[in-house]
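Read through the structures below before going on.
Each of the next two complexes has subunit A plus one other chain: subunit B in the first, subunit C in the second.
Then we have the complex of A and B:
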């Protein structure tokens, strides 16, 4: 029993690496561009399929994952260029609907080219080893390592670098930042590309472990959103903690009852959180920018 | 018509009903819900499951409409205050829960494969009858749309969508309107879902899924957010396009997404706005002709007292135990340096914000204007004023009171800066207020316009209104006001006759660095 629960814990952490990367990209775009990307989940799914296609063309796991990262960045750029940049001065719903439209295009393009059946890209590394009764796959360990490195990098850049400070200033008050000579639009587009790259990595990790379907984007973005909301809008490290908590809840819930029940409870909990504690579990006032 | 065409016609009617339901939610109430597919799905499942457990058809149909409406009213009740992106994601989460339940509760919903619909009553068994049923649902949805619009008022709803803060200051509460809109939309959507279940003869989680929401988005965003006829037309197109483009297979759905994006860029108000422009001459005149000038001033008698009112944000006290008494027929001037808490106080008096401690008592209705005029840009001057008026008559009386009847038909976005200030005052007067709160009404006005402003305010005071004017132009205010109040750092530091307040040493000290400038005397 103990071994089983340790194994669950490990599996949950591995899933948390994927959700964490997803939520990290989401929070990054939020924190540095003040933008909410409704196509974030679809970008992750599309990048995972790029890795699948790369595998079919003979690329190995690591190369396919690199390709997914690049595809994610490119898709992030496209979302910025097609939905956020041209519409950011209009009522905010316009950018949401435009991003949803991009999501619809991506979902159906994937269904048209790959079919609706679940797909998994090649693993970055096969096999694993037993430690303390827990079977640890290299894939999961690498995923955890990549996620941890990404979190530390993003946190460090935002908190301690010139470009990070400029990004935060641009997100908080774009007009004043622009008046001080900060290239607001360029920084925001850079943030979208970085967020897309993170989504691409997340997509490839999640799909390699749990498969992906063209329509998985809605679930992905909900989980990223739940993590970002529960952590308190735009806070980087709490977002990671919340993403891991969501993954553990889902993994353990799936083992105890069923995946469907765990997921439904998670979403219901999200609605309840919004209704009764909209400032998030972290307690920071939020939502002002949106 | 062939049986297959009738089948498509029925599907189009069902989609139109669902889309019109979403027009109520997004187009009229401005709430971005992503649960329109869920409303249709609930209706479809109700109409399929209930007859299987022995409900008579009529009762099941009623439940298919009322059930989703009740469910949406109660669910929206708990999320009604959320900002738009949270609202969108909360509704997406609810819709995902519905899909999970429908897919996994196999004993009731039939799981992923769904359920075969019960045999419909004899009068509904033909293909013609099913198509007629679906279009009756679409027409009912349109009736609900127009009923909702009529009930809340087109101008009031426009103000709510474009200037939510101003809407709240006039007592237009977004929360309850969202709840009613979601219920009304789900009523329409539920009927559409019932029609869909009939047309297909089967219900599965497919109808709940995001695919349905995507089709509705395409219909409404491309067609027009507030045009049920365009929703019907687009529903027909969306249903038939796959037939025409069958050789393209799945790719037509990609085209939907692309068209949706194009529509957002190029025609934010949808095709309805283009067509509307073409037929402008045929449309009924929105601005009615003015009646004879009314001798009765729109302002009423009223008053307001605030006792020990404080407002703290975290550790900052923006307003600190303020006492204030606005007497009927009196103009009170409120001055103070930037950041003194004047606007926060106005928000507290208007009810946009709640005081942390203290009490506010109000006699009569309240009307206010904003530092930056908050008019709905696409509504005409008359329509903007009509948003807060109980009748056309009141709206005209308010326009007459500020002398702006000449620009009644001009869209607010084309009105000059001075005209906008007067329109805001007219809008505040149209509600027949006993209390009038004005936030920097003289900013940006010419000398002539300032004289006109002073006359308007004196007339309103003569009619009995209690008036509070926040103004940076102290000489202007000193000439106009009966009483003057000065705030600094959240607290009242002086009050009394204007002459005494402007010379009070505490007031002069508060303004040091920003001396009381000399403006042309009135």
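Then we have the complex of A and C:
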């Protein structure tokens, strides 16, 4: 049973690496641009399909993953250019609807291009090994390493770099930041690109282990949204940590009760959180919520 | 080698078309299918099967008018109304999605238009409609094959069942349990998984801890592949008999061949696994036309259109004629011989396919006929 517990912990962390990267990107766009990007999950899926296409053209796993990262960044820029930048001064619902529309277009484009069957991109590294009764795939281990590196990089950039300080200033008060010469719009668009790149990485990691279908983005965005709300609106690294916790809850909770009950408990817990602490566990970084 | 039945029927009866309609427009048959959305794989197979059958009807005598129903019942209703805007077609090929078919059936009854479907939703043929004709074997048929192969051929005495919590999954699970009971076997463990479940390790481990001597899966394509892969990684060493999703070449393609060793699956048919006869001819034609491997859904839709073409070639003019002809006909399709059980269930046979662990190609391990007693 101990080996099983360790196996579930490993599986949960591997899943959490994907969820965490996804939520990290979602929170980055939220914090830096005040944008709730409902197309974020679909961007992740689309990037995973780019990796699938790359694999079909003969690219190996690492190159296909790199292609997915670049595609994610490009798609992030597209979402910013189509659904956020032109509508950012309109009621916020307009940006929601535009992002949802882009997500639906992406889903249908993927279905038309690849069909509805589940797909898996090439693995960055195939196979695995057994250690103390726990089967670990190289793909999952690399995913954990990539996610950890991404978390540290995003934290380092936001906390210790000039561009990070400017991003935070622009997010706190865009008008004052602009008055001080900070290019608020450019920084927001940069955040979308970075968020898209993180979504691309998340998409390729999740699809390699759990397969991708054109409609998988809806489930992904739900998890990212719950993580962002639970952590406190706009809190970037806590959002990623909450996403990892959701993955662990899904995996270990399923062992303790069942998948269906664990899923129900997750959403029940989320509703309770909204009722008793709507600002999230850490409070809202920006003091405003959609 | 036997020619495809639809081709033979249409060539033999070509005079019936040409005699009365040498200069007439082709007969347009609406094909309503979920081309986009979560059932796009099955909807695409449905579309391909119908289009190939229309091609094989020859000389453009039948035209498949494909309309995307997505996955919303309201969209299917709109597509149905649009299909009838310029007059009643002889029949409509309905979507595979059960909730859409349930919405369409009252309309088909009101209009008196037969609706041919490959949806497995049991209720469709339990509503007393004279217009429903189902060309894919329902759970009553395929789950009998599933249970019998697991118990009689593999020798499972204490299986675990892992199923999807969707309507599809629960319906299949109920029939599986009922058929196991008939064979004197009670599952030692059961768990329902939501389609969003990303990790099967806990369910698999609980099945092993319960003393299961085999796994019976009734999951959608992606979850089936995930369960098979994780059972391999956890070194379960248990035989697996999966639901029809595992017979689909797209599901097998997600796994390394070694992971498939000893894995079997039920299905209404398995054209990609056929090595001779009409099934192989169909599979070859399908591969040539679409560049993909065919599955049972494509073949069932092909046979449905084929039976309709045969009814039209036999002189049926409008919906009432078609309904009467299909209800009375015994049609030798590619997958099986179709005949109604009086409620519109046309398909009564099933197959079991198994993988040998050396390739992604399945072989047909067993064929079952008249599993619901309809001879």
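Annotations
Operating definition for what follows: the second predicted complex is superposed on the first by the 269 of 290 C-alpha atoms of A that agree within 3 Å, B and C clash if a C-alpha of one lies under 4 Å from a C-alpha of the other, contacts with A are read in each partner's own complex, and residues count from 1 in each chain.
Methods note: a residue touches a chain if its C-beta (ideal position, glycine included) is under 8 Å from a C-beta of that chain, and two chains touch if they have at least 3 such contacts.
Owing to the predicted nature of the structure, the values given are computational and were not obtained by experimental measurement.
Considered on the superposed subunit A, subunit B and subunit C are sterically incompatible, since they clash. By the touch criterion defined above, A:86 reaches subunit B but does not reach subunit C. When both complexes are overlaid on chain A, the residue A:185 reaches neither subunit B nor subunit C. Judged by the number of subunit A residues each one touches, B leads among subunit B and subunit C.
Look at A:100: by the touch rule set out above, it reaches subunit B but stays clear of subunit C. Applying the stated contact rule after C-alpha superposition, one finds that A:128 touches subunit C and leaves subunit B untouched.
Once chain A of one complex is fitted onto chain A of the other, the partner contacts of A:111 extend to both subunit B and subunit C. Contact with subunit C, but none with subunit B, is seen for A:8 once the two complexes are overlaid on the shared chain. Legend: residue contacts after superposition of the two complexes on their common chain; A:219 is shown touching both subunit B and subunit C. By the touch criterion stated above, A:63 is placed in contact with neither subunit B nor subunit C. Contacts of A:274 after superposition: subunit B is touched, whereas subunit C is not reached.
After superposing the two complexes on chain A, the stretch of subunit B that clashes with subunit C is 199-207, out of 199-207, 253-261, 271-279 or 469-477.
In the superposition on chain A, the residues of subunit A contacting both subunit B and subunit C are 108, 111-112, 215, 219, 258, 260, 263. The residues of subunit C lying in touch with subunit A in their complex are 35-44, 165, 191-194, 196-199, 201-203, 205-206, 221-222, 225-226, 233-235, 248, 250-251, 254, 292. Residue ranges of subunit A in contact with subunit B, taken from their complex: 36, 38, 82-83, 86-87, 90, 92-94, 96-98, 100-106, 108-109, 111-112, 215, 218-219, 221-222, 225, 229, 258, 260-261, 263-264, 267-268, 270-272, 274-275, 278, 285, 287, 290. Remark: subunit B residues 26, 30, 32, 75, 78-79, 81-86, 88-90, 92-94, 96-97, 100-101, 103-104, 209-210, 214, 217, 221, 249-251, 253-254, 256-258, 260-261, 264-265, 268, 314 touch subunit A in the complex.
For subunit A in complex with subunit C, the touching residues are 4, 7-8, 11-12, 15, 107-108, 111-112, 115-120, 128, 130, 135, 137, 206, 210-211, 213-215, 219, 247, 250-252, 254-255, 258-260, 263.
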